[in-house]
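Written below as structure tokens is the structure these notes are about.
Chain naming follows the written order as A, B, C, D and E, and within any one chain the residues start at number 1.
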């Protein structure tokens, strides 16, 4: 599913990943932890095909990401929740989610249905749907952003601190999302600083430090 | 110290606070929780003098914040950690903290000393000090932002999700900061979604919902 | 192919909707356009005749400045909160994205050109002698500017200094458009005995190259 | 009082340091300024003599456009990551903040003016006949533009549409500066028989009013 | 409830409706006088005997001049109200300032339009660069366009009021320049100087001009009244909206949801 061998990635000239070896099987859920600046965000972006590996090999969903065309190909098959929410401030919550559904290539009918489902699952109720995003609170934005991911039903989920900013109900929703994704055959990589919370999701915890895998509690 | 009576605050035309009654004594630590969109951020901004109350009364550190001049006066006596970090991207970590120390009115010598102390406390080690902020990871930014608060030694600390994005070590640092602030006679209001973590800090938990105090476990 | 156009339409519709919500074009860029004409009037301190003689050039300089604003805005909409990353992950072809963004800019430019034409007629006393040439020039130049601008917007995007970088990247490239369109207007407004239609040819070539080149190169930029 | 100047210096130094790091002025605004001169050359398609006659006006239009960029940047530095909130909480007086930000813009404008003066000498063949008048005009106009611009930057700040709103708010107000400075240059470059020193008086009045008014009004805006 | 609905349905009252009727009748009368009853400006050249003068174009006088004067009135009102707002910070001043700015901008636009149309036959151009009065009037118009753009772009009503007030106070500095420009720059203007003081126009012309002042004054008052009321009602509506929104928000709180959100009680 995902396989990295001695993968090095640069941000500017800084080696944010210094040689990562990691293997993730289909249907697995893995938890990524590590100190601030360890390279978690960079690793997720690398797996999403947004960065080119400097050296080493990165294979995701069968694509060898050293080639630009393969990086492009892999992107549509993964979903990445990043530190920023990727929403259009002047569009409403519903319009944003609808746009991202259509942008992912869903046709009009299918997208309507999925959008409604996603909004409900994220607990974005009717009062919020027609608010422009710039009027949302931090957690409401985050939920909208998650809804825009959920409609895509990707094969590989890369979630960078998905619980951040969410209230307890929101956190349970995220946990449930992850559970459902795995049940539907997806693979999930979750980075998080909240281990107590996240550890219930999977026994496998990968600790990054200094841009490399420091410990891997493979089962 | 802080006293709100039926305080209403608008964001645009939306009543983000619908009538908050709250009293905080000097030297107290209170934890603010509540669902996404409950109004936690708005309450903290109101207490910092950044918003004008629409109705009701807000008294902070003896200033009645219905008057513009009082809002201006209270601002220099509080410190607010918000959702955004308030750093200059092109300046280095050290330069940013130094600037904010000087901007708070510390003279040159005093600020040097405090800046060094603050950077150390936040675990921003020498390698990072001369990096421009745009090259930091999410958690490193957050630490820098906290360091810029710590140098001010304010009377009232308003911390909006101070643990968000920090690793375990960072979280302990924040807990220690709060403890030290209280020990030095300060008052601290902490909003957080991570109650398991935060509850050790203080027995008093105020739950906001719908822009008002829903429950207050005053001791 | 149908996915291509559906995607392009989706993106263009999204940008135009954001435009309609924020009213930036109507409330701000349009007044700015007129202002630029007025400033030229002040600066040249000239009589009506001089201004009329220079009207074509000033018109197109004004269009370029307004286009800069429109393109800045088009880029910053994607940048503000990292939406561009989302688009890169969406599987949409970069060419479709390009066509969509450029179309939205094109529509806005046409509106601005109509307004500026009214502006030079009233303020500079220009007279439209060959309406067809004016329309053709306006459309082709708008295509050229929209496509080049969208491409260069992508080049400058993601850099902290976009606001200032974009002008210096874009303006030199658009110099041929400025010259060609000015000459064509010189003819169309009866200012000078040049063959406007020949210059129109230049514009057409530029527009075609910008569209095709932009759609191709955009992939290399956005899709990295 | 000494706190006032210390704060103003702190802010100005910070802005200039950011400037020095990002090199926006040198690498981007300055080339843009020259580009604008060249574009005018293309657009007017005129011989050296015409260009020389219009050089003062074109010079000052170019300064205004560059000033817009510099001011946008000065605002966006505070806006990008919510630093303005920090400044409001710092207890710094809004007047000191105003003076600091305006000074940094002033310094940048002076650099640009020097560059553009070289530009019109080389590109348009202008000749400086009264250096003193040129310097005085340049300095006073820079003060006027920097102060007005900083005030209006604060007016437009925090609005999503700042990039487009600022020009239309600011340019009409600066029309007197454009006219006054152009006339003064007309005299100083020996283009027309106007009394440049009289126009300089207008600029001086404007500069004083802008500085005082700006420092006062800034409080009402920034400090809410 | 229904009663408040009725009063908030309209911005008029019996008085303002009466004013409206009078204004409309006045406008009709003015147009009748201006475009039918008064004579066109035709004189014979003293030596050649040719017909000279402004012919029918002169009829714009009756609109143009009163419009210009009432533009002044509206903008001064706006500035005074803005200053009042900055001192007193009350909604009344702000609503008045916004209303006066909007109506004044419309009037100012009409001055420009009637002036241009007049200039076309008389000066043989729509627009004359270098004419100081024209330019200063245009700048005035543009500054208030900016004012309106700013107000529309700002969601927070307080920020909108405050920022608008600053812009209005800056913009109004242009007014004296517009008015005095023809005196200060005598040789730089085609535009008429202030001649109303030394009127030597025939009776009917004078009467029509005075009628123009009266009627356009009424128009200004009428528009201002309604624009002010619209603004006021919007504000009140927003006020009611806030009360309702507060009630709704508080009613919306669901004990169970809150407990779930903060991870309690489960």
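As a working rule, a residue touches a chain if its C-beta (ideal position, glycine included) is under 8 Å from a C-beta of that chain, and two chains touch if they have at least 3 such contacts.
What you are looking at is a predicted structure, and each value in this text was computed from that prediction instead of being measured.
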Hey, how far apart are chain C and chain E in touch steps, shortest way? 1
Could you tell me which chain lies farthest from chain D when each chain's centre is the average position of its Cα atoms? A
Cα centroid separation, chain A vs chain E, in Å, comes to 55
Can you give the whole-Å distance between the Cα centres of chain B and chain E? 46
Inter-chain centre distance, chain D versus chain E - centres from mean C-alpha coordinates, in Å: 32
Round to the nearest whole Å and give the separation of the Cα centres of chain B and chain C. 46
Please set out, as single numbers or ranges, the residues of chain D touching at least two other chains. 22, 80, 160-161, 165, 168, 171-172, 175, 224
Of all residues in chain A, the ones touching two or more other chains: 89-90, 167-170
Of all the residues in chain E, which ones touch at least 2 other chains? 135, 139, 142, 145-146, 149, 153, 158, 252, 257, 261-263
What residues of chain D sit close enough to touch chain E in their complex? 151, 155-156, 158-161, 165, 168-169, 171-173, 175, 213, 217, 220-221, 224
Enumerate the contact residues on chain C facing chain D in the complex. 22, 24, 27-29, 31-32, 35, 38-40, 42-46, 54, 56-58, 60-61, 64-65, 69, 72-73, 76, 160-161, 163-165, 167-168, 171-172, 175, 178-179, 182
Provide the residue numbers of chain E that touch chain D in the complex, in ascending order. 86, 135, 139, 142-143, 145-146, 149-150, 153-154, 158-159, 162-163, 165-167, 170-171
Chain A residues touching chain C - in the complex, by the definition given at the top: 48, 50, 52, 68, 71-72, 75-80, 82, 84-91, 95, 99-100, 102-105, 132, 148
Residue ranges of chain A in contact with chain E within the complex: 127, 167-170, 172
